[in-house]
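Common to both upcoming complexes is chain A, partnered first by chain B, then by chain C.
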Partner chain A sequence: MRLLTHNMLQCHVKSCNDPALNFPLQFQEVELEQIEAEENEALLLNLVGKIDWPALVQTTSELGITGLPPTKPDVVKNDPALMKRLHEILLETNVAQGKMVCRGCGHSYPIKDGIPNMLLAEHEI
Partner chain B sequence: MVNKPQPRVLAEPLTDAAKNESEFVHDVYNQIAPHFSNTRYKAWPVVESFLNDREAGSVGADVGCGNGKYMGVNRKLMVLGSDRSIGLLEITQGRGFEATLADNLALPYRSDRVDFVISIAVIHHFSTPERRLQAIRELVRILRPGGQALVFVWALEQKGKRKFDQDHQDFMVPWVVPRNTASVSGVQTEAEVPPPEEAENDRVFHRYYHLFREHELETLITESDLNSAVEIADNGYDRDNWYVVLTKRIPE
Partner chain C sequence: MASYLPTPDLSHLKSADYHNVYEPAEDSFLLLDALELEAPFLNDQLQPRWCLEVGAGSGIVSTFLAGQVLGSRAVDFGTCFVVTDLNPRALPVTQATWARNGLALHRLHCIQTDFIRGWRPAAQGFDVLVFNPPYVVTSPEEVGSQPRGRGGIDGRQVIDQFLPIVPTILSDRGVFYLVLIEQNRPQEIISIMRDQYGLLGSIVAQRKAGIEYLYIVKFSRDTSTT
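Let's turn to the complex of A and B:
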């Protein structure tokens, strides 16, 4: 699972609806892996508009990943160093093992062999 | 091929939708995953052109992505794949695609985010109209305003290899894993799983399907709360399926 996917996921337990807490999920005991990805400028620029920047900054800092400005820059396109770093973080940083824990309800979503398990029990839907 | 097992009408309705879908959809796909995957490599033209028509750099969701056969069609896109079958997802992940284990009735993605969604041969596995509608609601929820969803479902009126009794819509459809195929996965399920070695006889698995009549898919949407959320941009018939393209309305 790439970090870009993590930025799109949230805790979706029905009773867990405080947006300040159900996103972003907190990584725990993770094993990271860098996997080379094709360059795609159009995708990166689209992602910058789509992702939640504060959540990405929080998550990367919890993982010990550096190189992102704390607030989203107005123009990213003219900053090749930042574009390169975003490519490495969003598209090339993969979570192979670990779990994602909700800061609201404590639900733990396991990640095994790169596949997050986002299934809920019937009573949580 | 002699004695090809034919679909059979479901004599009685499924009583516990969730439990029955688990047994006759999820467990079956887990068991037939490798063999099923080996037969799923050709992209359908309508799906292929929908994907090729997306703007470069678009981010989409393939909900019910199976083995990920549509995820690499257009390399300029980023597709987030999800499925209910871990057996199929392991294949998808192995091909380098984004794979998430998730339930179409309660997707884990944030709302109003992805540029497009595809749902290919998925909604017909839900066994009540409300569950089919809920699955489509979730596809629309995750779409950004102005984004499009392509939904394909099996047609009752199909003229292909399989024949369906036109007076019924709910069927058990056999999937035959030929003998001497080392293709049954070892994924643990509640059902009895044959060991993953070569079998001496053909094995037949049954999957539940609701076959859609012409316009049933559009009506399901337009006669629900979704009518105010989406516009039907296109609809038609292709490869034994009815399909619809939905555009999520932009709030005024």
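Let's turn to the complex of A and C:
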């Protein structure tokens, strides 16, 4: 999965509903790779509208990925260097293997061959 | 009804793959025809930014939507596609189908989950939502993720679980395409969606295929009352 997907996911265990803890999930034991993708301004602006910036900054810093301002600039579009960096981070960084662990309840969501598994057991729903 | 847009190339899938993943059948093809009929609306009016297919299976529907129906317009709109399936085998197959048909994988987000559970509520708002559900009438015990759809009593068990989720994940202008058969009682589903969720439904395609009478129903928000 691309790093973008992670920014869209949160823990959904029924008893785990503290918004300060169930998002963003914490990456563990991840294998990252860069996969080149064609740049597309419309797509990137569309994504910037949906991403949670603080969560993205937190996650990238935990992964040792740099180059994002701590707060979301008012107009991302006018900053070509930032647009390029966002493209590399959100759309070219692929999580091949690993897991995403909830900071609230500790539930671990595996990522296998680039596919996150968000399924829960019956008693967790 | 003839299909004029080419159907996606699935020649990379062998019969062994279809032991594990739903093989496109008349229901899938009627859905493709309906999306093709909807192409002018989708391209000229809706111009979707976020599309979600629940139950991706082989990936034929999302590939057709991204590659044929929207095509290069999806690139202009910056459209993002999300697909989910309970069946873990469906997702790599869907990626392979996208790649086979020359579609860029960074625009596709594959998630193994039940419906769209785990997707952040604040990041919801899908402009196009598509679901070809397990609609076949079976015993309730059989409901599950087998590649061949099993829908339990009246084929409605999975469908009825999904209906309440629809209004929460559809964007204001969003549309939802749902495959049904006669035994699912499409008119009753249309009434439920209108009365309980304020979504207006209409049949956009229907066809008799063997013993099944298939429908594609399109839902959108009732804007006349708000």
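Some points to look at:
Please note the rule applied: the second predicted complex is superposed on the first by the 125 of 125 C-alpha atoms of A that agree within 3 Å, B and C clash if a C-alpha of one lies under 4 Å from a C-alpha of the other, contacts with A are read in each partner's own complex, and residues count from 1 in each chain.
Keep in mind that, in the parts below, contacts are C-beta pairs under 8 Å (C-beta built on N, C-alpha and C of every residue); 3 or more make two chains touch, one makes a residue touch a chain.
Everything quoted here is computed from the prediction, not taken from an experiment.
In the superposition on chain A, no contact is made by A:74 with either chain B or chain C.
When the two complexes are overlaid on their common chain A, residue A:5 makes contact with chain B and with chain C alike. Looking at the shared chain after the overlay, A:92 reaches chain C, while chain B stays out of its contact range. Contacts of A:122 after superposition: chain B is touched, whereas chain C is not reached. When the two complexes are superposed on chain A, the residues of chain A that touch both chain B and chain C are 1-2, 4-5, 8-10, 12, 23, 35, 38, 40-47, 50, 91, 109, 113-120.
Touching chain C in their complex are the following residues of chain A: 1-2, 4-5, 7-12, 23, 35, 37-38, 40-47, 50-52, 91-92, 109, 112-120. Residue ranges on chain C touching chain A, taken from their complex, read 49-50, 75-80, 82, 86, 88, 91-92, 95, 104-107, 109-114, 117-120, 122-123.
For chain A in complex with chain B, the touching residues are 1-2, 4-5, 8-10, 12, 14, 23, 35, 38, 40-47, 50, 91, 109, 113-120, 122, 125.
Residues of chain B that touch chain A in their complex: 18, 55-59, 75-78, 80, 82, 84, 86, 89-90, 93, 96, 98-103, 105-110, 113-115.
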